Amino acid sequence: MSLSKLKVVLVTGRSIEQGVSKERGKISDEYFQSVATCHMDPDDMKELGVKEGANVRVTTEFGSVVVKAVKSKRTPHKGTVFIPYGPWASIVVNPTTSSVGMPYFKGIPAEVEVAPKEEPILSLRELLRRHFGRG
Amino acid sequence: MIILRPKKEFKAPIIAECISPDVFMGKSIDEVAKLKVYEGNKERTLGELFNFSYEKEPEDKIMIIGDVSKVRKIGFNMRKGEIEVKGDVGMHLGAEMKGGKITVFGSAGSWAGSAMSDGLIEVHGSAGDFLGAPLRGSTSGMSGGTIVVHSNVGDEAGAYMRDGSIRIHGSAGQFLGLRMRGGAILVLGDADSRAGAFMTGGRIVICGTLRSLLPAFTIEGVRPSIKVGPEKVSGPFYLFVGDLTEGGDGQLFVSKVRNPHLSPLVTKVMAGE
Amino acid sequence: MSTSVVQSVTCPICGSFCDDLELTIEDGRITKVKNACAMGEAKFLYAPDLKHRWLKPMIRKDEELVEASLEEAVKKAAEVLAEASYPILYGWSSTCCEAIRVGIELAEEVGGVIDNTATVCHGPSLQAVQDVGLPICTLGQVRHRADVIVYWACNPWEAHPRHIERYTYFPDGRFQSSMWRRYLTRWGMLAQRKRILRALSTHPYIKAILPPLARYELSPELFVKGRKLIVIDVRRTRVAEAADYFIQVKPGEDYELLQALRALVRGIELEVDEVAGVPVKLLEEVVDVMISCDFGVIFFGLGLTMSRGKVRNVDLAIKLTEDLNDRSKWLIAPMRGHFNVTGANAVFTWQTGYPFAVDFSRGYPYYNPGETSVVDILLRGDSDAALVVASDPVAHFPKKAVEHLVKNPLVVIDPSKSATSLMADVVIPSAFVGIEAEGTAYRMDFVPLPLKKVVEPPAGLLSDEEILRMILHEVRKIKGVA
Amino acid sequence: MMMELLIKNGFVYDPINGIDGERVDIAIKDGRIVERVDERRAEIIDASGMIVMPGGVDLHSHIVGGKVNSGRLLRPEDHRKDYEVKTKVTRSGVGYSIPSTFTTGYRYSRMGYTTVMDPAIAPLKARHAHEELNDTPMIDKGFYPLLGDWWFVLEFIRDGKIEECAAHVAWLISSVKGYAIKLVNPGGLEAWGFGRNVDSIDDPVPYFNITPRDIIRGLCKVNQLLNLPHAIHIHTNNLGKPGNYTTTLDTMKCVEDLAIDDKPIAHVTHCQFNAFKGVNWKTLASGAPEIADYVNKHKHVTLDMGQIIFTDTTTMTADGPFQYILYKLTGNKWVNSDVETETSAGIVPIRYRRASYANAVQWSIGLELALLIKDTWKVYLTTDHPNGGPFTEYPRVIAWLMSRIARERTMKRLNKRAVAKMTLPSIDREYTFYEIAIATRAGPARSLGLKNKGHLGVGADADVAIYDVNPKEVNPSRQYKLVRRAFRRAAYTIKSGEVVVKNGEIVKSMMGDTIWCNIHVMPSLAEDVAKGLKKRFREYWTVEYDNYPIPEKYLSISYPMEIKAKV
């Protein structure tokens, strides 16, 4: 029996794959593959009924984005998901700066669910057009 | 009384520290209209941005009608007189205020009453972060006067406070009374975590729920009620003292009824375990 | 075919700013990179590739970016900036100090707000420094002397891959020796773990990195002598697995943990049994290690600046370090991200007095993060134009901030294509500084080093500095002061 | 072609050439002082009723580099109260105790200063100092690299290899484009690497089997071997500690026997901070009389004052352990910055208060030093900017030196207990304009060995300051306020033959030279040094040998002094 939605804490950050792939170009497939992902605890994935490589929709108070679910290499971190810095993560982070200039890129309450079929992972250009009407 | 109405919806920030009774007093409308302000990087006159009207009484009052949420530093360094704003107001309202009264029927931006030393600021809506707190790097917090906010406030309200009082009818953000040395803060609603961080003196009273208590506070006892200025607030309250890492003896009063999550700790410590 | 080898090349990637790279150049192309981490190698080998660069200036016409001459693009950029009431000039951390110096002059000339990427990185740390100071040192000091190394809320193995090897746990110093052997021993003990092998095999990019070490319990026999590595994080990262102590803190509760440690260092008994999910008993043990060392250092990352507490997390981490000096020698340092974010802060500070978020709208430098920081300006909708240099805010700012950024005229100077340049109205491509152009940059510990030019840029591409000078000149012409 | 200038009718004070207030016309051509210019073609500056002096020379002022910039970063509240708006000729900036680079240049120039030396740069961060110097307009400038705790120096001196030590120092100064040898709390900074300190010149440095005395004597010998234009520049051990005047005397004595001729071989800097008598802060007293007595009897040392001003300022020194003590004493914010194999640094904001007993005593010490040392050529005016107070307050110090009444006025507002114990009230001496010219330009220029600076003789650099005060009409003793005002805002400042300041305002922005010593040792020795360094570089630093030296093209206007060493 799997849940339809999982309540988690979202953390964004740097990963070595993101660091390497961005040098291959921000519009490259390598970059896309490395950042349009959500790293999850395997137990959480089991609970939600998602398999490695399946699409998940991550939703916060501030937005919603579809990314690929991947198993974390180092566990456990049940209840926490990780999306590398990038245009996909930025859609869902908390912009509140507490008047210090810094939004919340870490520790954002979020929900993860299996992405509906009609919502694929958007490419960079599709994402820009969808959210900002240009690109 | 001079009444100001914005001529348009402002986009760029407007720095208008001249909007203060001390500056307006003794000036004709024409003279007031010529006062310099900045709209972004463009120097303007008040008259280019606001329409003016005049009423004879009271002489030392300024009224602003409309949205001035982009207008900063209203009532900066004000010493006397009165400002009334019917609308939202921007950052640094009444910063370094030394006397007089400011009333806002709307919300105020961050740094309202920053480092004020006397006078009264009353905000009927909410206020931003750093209420009464000084700007970066300075340790000279609020040293007198009163701030009343009828709705919620952001983070670090009352930081570096030395004297005076802050009364918040809604809830407060994190780090309420950060590095406070004196004075009193009363919150009728809830407070987010880290209230009293680094505090060495003064008094914080939270009538609602405190999200979590810092480990460097110790329980002193339970008090049935507590005086905040002339006012007596009835409890019962837990009284915590801290921040111990600063060698502080600031007092943090937290409603007993509204904070059952603190009771196991209190019970354990009081029992000497 | 001409082949040459260039030594002592600095690496324009991260704040570790390693300067011992060796590049092989064949026929004007970099073909081999020695001593670099995976990111550095990728940058030198792949970043200059033409396929993901703009080769001509672009101007948006009828919603499409079309090729333009450099003069045309510079003129358009200058007009955008000169006419704006509250322009923002953002980026800077991935270019050289020489370009930043011109950038500040430009910001002053157009009465704009200039901000660098520290604003969304260690901006909170800088604000904490302004409240309480910063006992810090250069990285060599750590290499020579440190016997306790703490990584707090950072993941050097992925973000600063050679930091541990060059500066902290693995190098030999005058007074301390490498812990490489201890690490290998432990690794040997656990090497068979399938999990690790699997992790290795699925990773094309970690060839320079040894497999991590999984340890779930403390093993006191390892603490007899030598350097100790303590890692504190919300996640069990690769460096956490290499650590002698790993403390897993509950997300958003670093502040409570820091305060508990500070209380213990000051000899205050805690009334709680657990802080931020960590037993106080364990904390007491860690504090004993911390106060009995010869030289300790705390490196902290964005886990402190971006999560609940932000400025105050760092504030308290610094106060903890200051207190530790009553017992031993302790220093603290932020793990700076971009290779020249430290330089950006330095140039900003010597020219204006402030490290980031400087507002020139009234003709003099004014600084107040929250008011003059770009994300806040965008969220409030104050600005009416933007210049972005060597940065990609469209990819990295929260959606709401980006919405306002792209609503107004946007000028981008960048060597490569990025989300931001795709959204721009004017794009002026530049040479890669540190590869195709020279300059100066600052390592995370404020050690300045030269950026080298090792190959020629593609025809027609100028350095950021030259482009900015052209824009500044054009702005002055428009304003009638040239 | 450059402008010709003729300064007419001024009262000229040019101590190096023995001119004491006489009316002499000064002719300028191509950036130099010349015999005469064609009066019909030259621009004439009428200096009637004004004082004409060489441009001011400051030999100890922290204006650039890592430490200064960390100070700027640390103190937004210091900048907010004092800023400069952009004008047609000047860049904007911030001021008060740690001004931004442009503002530093402008403010010195407005006071008639034309040459300023930063006394403490970590060699590893020299590139940073040069970047800031390139952004510091209006003045000629340079810096002293910190060498007293450099591992190479400690090791060579320990091993008795003075010539090798000299060759390495030559390599370092030339590589980083520095000017003189600076010692700060010698040995103490290395000890501070592990949180310790040394407490006398004979206290061994941990792990190095060497004492501060060895280091001071060693570098003094190195300085002589290298023929450097300036003496070794020493910030003594125990700075800021009650009772430290004996350490200062020990320091001066320990090189006494090394003196050759009458040439000073050691400059003890900001001496006020190292002339404390007493056993603690409550019993603090002035050690100035003892130090002045020693200096009056010896020729091998010079001093500068390190005068304090009653204001809110920022202390910053390479003396890490001292700054830590100050942090514990004040509870203010604290920056520490240790630099691998080389040095350390610390920063703490401070407010000097009139009501404070200790601060009042400190104030008197600086003035007592300047007034009790008979030969003005031996003691120069500084505030150790910004440690004692910002350099913009020099005119106040000038007023105190020139006017007993000014001193009495200040003393009336000071801590009574302190005043009761001071020697200062009994001192009648008042500086003349001639002596002020020595203390603020001629003396420092001579001490630095800058032959073209600090005087107005033919061939000198055309750096001139003109102050609007008439020495024939104004009595500085009584009308010290007029003097103070005149020195705050020069009527004219002429830099390299161009008028850059008029009536205290910048009228032209320009870049000065970066002065450094290019030291030539014997080629074989230089080769050995390079070879050895190349091999061992990575043992010491975390940067590569190739990336350490600063190429000359890095300096916006390079002015190397070619020095031939004895080794």
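Order of writing sets the chain letters: A, B, C and D. Residues in each chain are counted from 1.
Heads up, the rule we're going with is that contacts are C-beta pairs under 8 Å (C-beta built on N, C-alpha and C of every residue); 3 or more make two chains touch, one makes a residue touch a chain.
The model shown is predicted, which means the values in this text are computed figures rather than measured ones.
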Pair joined by the larger number of C-beta contacts - B-D, B-C: B-C
Identity of the most central chain, Cα criterion: C
Rounded Å distance between chain B and chain D, as computed from the means of their C-alpha atoms: 46
Separation of chain A from chain D, taking each centre as the mean of its C-alpha atoms, in whole Å: 57
Rounded Å distance between chain B and chain C, as computed from the means of their C-alpha atoms: 35
Distance from the mean Cα position of chain B to that of chain A, given in whole angstrom: 38
Set of chain C residues in contact with two or more other chains: 127, 130-131, 308, 360, 362, 367, 369-371
Multi-chain contact sites of chain D, meaning residues that touch two or more partners: 74-76
Contacts with two or more other chains, residues of chain B listed in rising order: 110-111, 129-130, 135-137, 174
Residue numbers on chain B that touch chain D, as the complex places them: 134-138
Parts of chain D lying in touch with chain B, wherever the complex brings them together: 74-78, 80
In the complex, chain A residues that touch chain C: 9, 11, 13-17, 19-21, 23-28, 62-63, 73-77, 80, 82, 85-87, 90-95, 97-107, 124-125, 128, 131-132, 134-135
For the chain C and chain B complex, residues of the former touching the latter: 84-86, 110-112, 127, 130-131, 255-256, 259-260, 262-263, 266, 268, 270-272, 275, 308-309, 312, 316, 319, 323, 360-362, 367-371, 380-384
Sites on chain B touched by chain C in the complex: 11-13, 15, 38-42, 70, 72, 91, 110-111, 129-130, 135-137, 174-175, 178, 193-194, 197-198, 212, 214-216, 218-219, 243-245, 265, 268-269
